[in-house]
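In what follows, structures are represented as structure tokens.
Next come two complexes, and both contain subunit A; in the first it sits with subunit B, in the second with subunit C.
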Partner chain A sequence: MNNLAIKDLLLKMADDALIIGHRNSEWTGIGPILEEDLAFSSMAQDKIGHAQALYSILHETFGEADADTLAFKREEKDFKCCQFVEQPIGEYDFSIVRHFLFDHAELIRYDMLTLSSFQQLAQLARKVKGEIKYHVMHADIFVKKLSLGTEESKARMQSSLNYAWHMALGIFEKGEFEGELASENIFAGEEELKKRWLEKITPILEAAGLKVPLTEDSKIVYGGRKGFHSEYLKPLLDEMCEVVRSDEATAEW
Partner chain B sequence: MAEVLNIKAEEVWAILENVKDPEIPVISVVEMGMITGIQISDSPNIACITMTPTFVGCPAIDLIKKSIREEVLKLGFDKVEVMVDFETKWTSDRMKPEAKEKLEKFGLAPPTILNDEELTEVQLNKVRCPHCHSTDTTLRSAFGSTLCRAIRFCFSCQQGFEQFKPI
Partner chain C sequence: MSSLDPRVNRLDFKKATDGEVHTNSHLITWEVFHQDKRGKQAVHVGIVHASTPEMALILAKEQYARRGKTTNLWVAKTSDVYTFSTHDEDIFETTPEKTFRDPAFYKVRDRIEKFQNRNKVTI
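Let's turn to the complex of A and B:
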């Protein structure tokens, strides 16, 4: 089995989950209604749990540093998350649109991975899938409610969708090992994932009365998978790592 | 030469009934279906327990592992290892019937049966209110006070309640 290819896949998935988890947690205490505050807080906890499980495979099976070190003690350029997850939470419409676009991709990715020849990941995927179904269900409900709500809510949803679109497509930035991952039946690949994602989300967006933006390849926001990030990742990492950095020698978790 | 204790797996299963889920203190980890294997070796006296978490990000996992270790050590083992893996997937169907009864008495509606099928409207509805037992209830939010709970509302007794969500 190609270790480099698997490690690359695990790391980008873990980093996506950690960073979107951190962003989700920024709604804790300020959600528009109590239930939404709880929803984003719960999803944050789920995502960070998924990140931890993926980092743990890297640690236990591939000899990388432990989960806390991977999460809190790496440089910005070592993170492989897509730039989409780094973006600030913005207003609620953007957070809901990102949650919808990102979680549908996550659910399909994990669904594909249940068939992975890398057993440890296939087992985790079968478990995680059941949790993300609830995230997707939540996203679908709110996309529909807000898009079919008032003129203002509909306009906000369309505008956030337009703004998010080319960043969302950056989720599917190809890695170095697409060929190896596919030929060894570890993961069918980003292109296949993108295809299934478009098939899945298009009818939901249309039923909500939203226009699916036209894709211009040159506008897709790539770079994250190679360690090139937006200006928003560094401040996020600084905040997330503030406690551990303040007392690296003796901090205990 | 260390003494051979001959502790049986049944004794380990029995003592694990004392380890409760800290978020639902009326149910043991055994009733919850979290324990997936117990292996015992006699020389040296080691118990190896495998468990699977209800939710991947469950914050109680470390505490549960510690409680399991402390409880099983009481049987006299030299060492108790607790391993967490996902080889057996935890689903709410693993919860024993007696656990579901206890949940309802605790005020938490038990999860509906999934049978490894896709989550549908049916499993999200037809949930019985733990207070008045009416099934005229609705899902208010799939997310509640802990990862495993959803918030529901009962039209019959006009009370909000929580459900252990089917997963």
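Let's turn to the complex of A and C:
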């Protein structure tokens, strides 16, 4: 099997999960209502769990550093997350729209991976299927409710969707190993994932009365998968790693 | 005012207090019932605030099914639950005295032993 191709796939998935998990956890304690605060925080925690599981495969199977080192001690340029997950949480409309767009892609990606010829990933995909299904149920309900709510909530949802759209499409930035991953039945590829994602989310957004933005290829925000990031990743990493860096010699994790 | 929590420093409190929440615009409450095993009774565990039954379920999942085993949750609008008036609590007053409704009230051990001896079975 093509180790470089698998490592690339694992790392970008793990980095996406870690960074969106960290971002969404920024709502902890300041969410809109107590119940939603807890639900959103729990899902953020799930994401960090997914990142840990993926980093652990990199560590145990491919001899990379351990999960904590990968998470907390890499440079910005070594991260392979898409720029979409790095964006600040904004207001709740943007966070819900991002959660919706990202988690639908996650659900389909993990569903595709249940058939992967790389067994560890297929097993992980089967294990976390239920968790991501819940994340999507949650996202669907909030998108529907807020989009069909008041004039203000509808306008906010539409403008967040417009703002998020070309960044969300950056999730599907192709890696250098698309061909190898597909031919070895490891993962069917970003293009296939994007196709299924559009088929899945379009009717949901339309039923919620939202207009699906027109895609202009030149506006899609790429770069994250190659280590080029937005201005927001560095401050996020500084904040996320502040504690571990402050006591590097003795901290135990 | 600055906080050790960078998230709090980023909050725009002025903006947050612009909106006014009226008492009648609070979300309604839903009673939540938790079932830990298929076929077992759903047990009342508490309430959640939500605007629709779907939202109540989705929020109840993280409030009341975040640990241990769960097979399902039920939610019902609090306003759909009918109760006695608290003034009518006296209808239950003498119930604890009615020990004849308690199986332990009946002394049947002798008869069970006799039955076991006769049939040579152990229970």
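Operating definition for what follows: the second predicted complex is superposed on the first by the 253 of 253 C-alpha atoms of A that agree within 3 Å, B and C clash if a C-alpha of one lies under 4 Å from a C-alpha of the other, contacts with A are read in each partner's own complex, and residues count from 1 in each chain.
To be clear about the criterion, a contact is a pair of C-beta atoms (placed from the backbone, for glycine too) under 8 Å apart; a residue touches a chain by one contact, two chains touch by 3 or more.
If you're wondering where the values come from, they're calculated on a predicted model, not measured in any experiment.
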Could you classify subunit B and subunit C on subunit A, in the superposed arrangement, as clash or fit? clash
Touching A:L38, do we find subunit B (first), subunit C (second), both, or neither? both
For A:Q52, decide between first (touching subunit B), second (touching subunit C), both and neither. first
Touching A:E239 in the superposition: subunit B (first), subunit C (second), both, neither? second
Once the shared chain is lined up, is A:K73 touching subunit B (first), subunit C (second), both, or neither of them? neither
May I ask you to decide whether A:K145 touches subunit B, subunit C, both, or neither, giving the answer as first, second, both or neither? second
Pick one for A:Y134: touches subunit B only (first), subunit C only (second), both, or neither. both
Which partner does A:Q123 contact after superposing on A: first (subunit B), second (subunit C), both, neither? first
Given the superposition on chain A, which partner contacts more residues in subunit A: subunit B or subunit C? B
Taking the superposition as given, does A:I30 touch the first partner, subunit B, the second, subunit C, both, or neither? second
Looking at 40-48, 76-84 or 130-138, which bit of subunit B clashes with subunit C? 130-138
Which subunit A residues lie in the overlap of the subunit B contact set and the subunit C contact set? 35, 38-39, 42, 134, 137-138
Quick check on the complex: what are the subunit C residues that touch subunit A? 6-8, 11, 27, 48-52, 54-55, 58-59, 61-63, 66
For the subunit B and subunit A complex, residues of the former touching the latter: 55-59, 85-87, 89-91, 119, 140-145, 147, 151, 165, 167
Going by the contact rule at the top, pick out the subunit A residues touching subunit C in the complex. 26, 29-30, 33-36, 38-39, 42, 134, 137-138, 141-142, 145, 239
Can you list the subunit A residues touching subunit B in their complex? 35, 38-39, 41-43, 45-50, 52-53, 120, 123-124, 126-128, 130-131, 133-134, 137-138
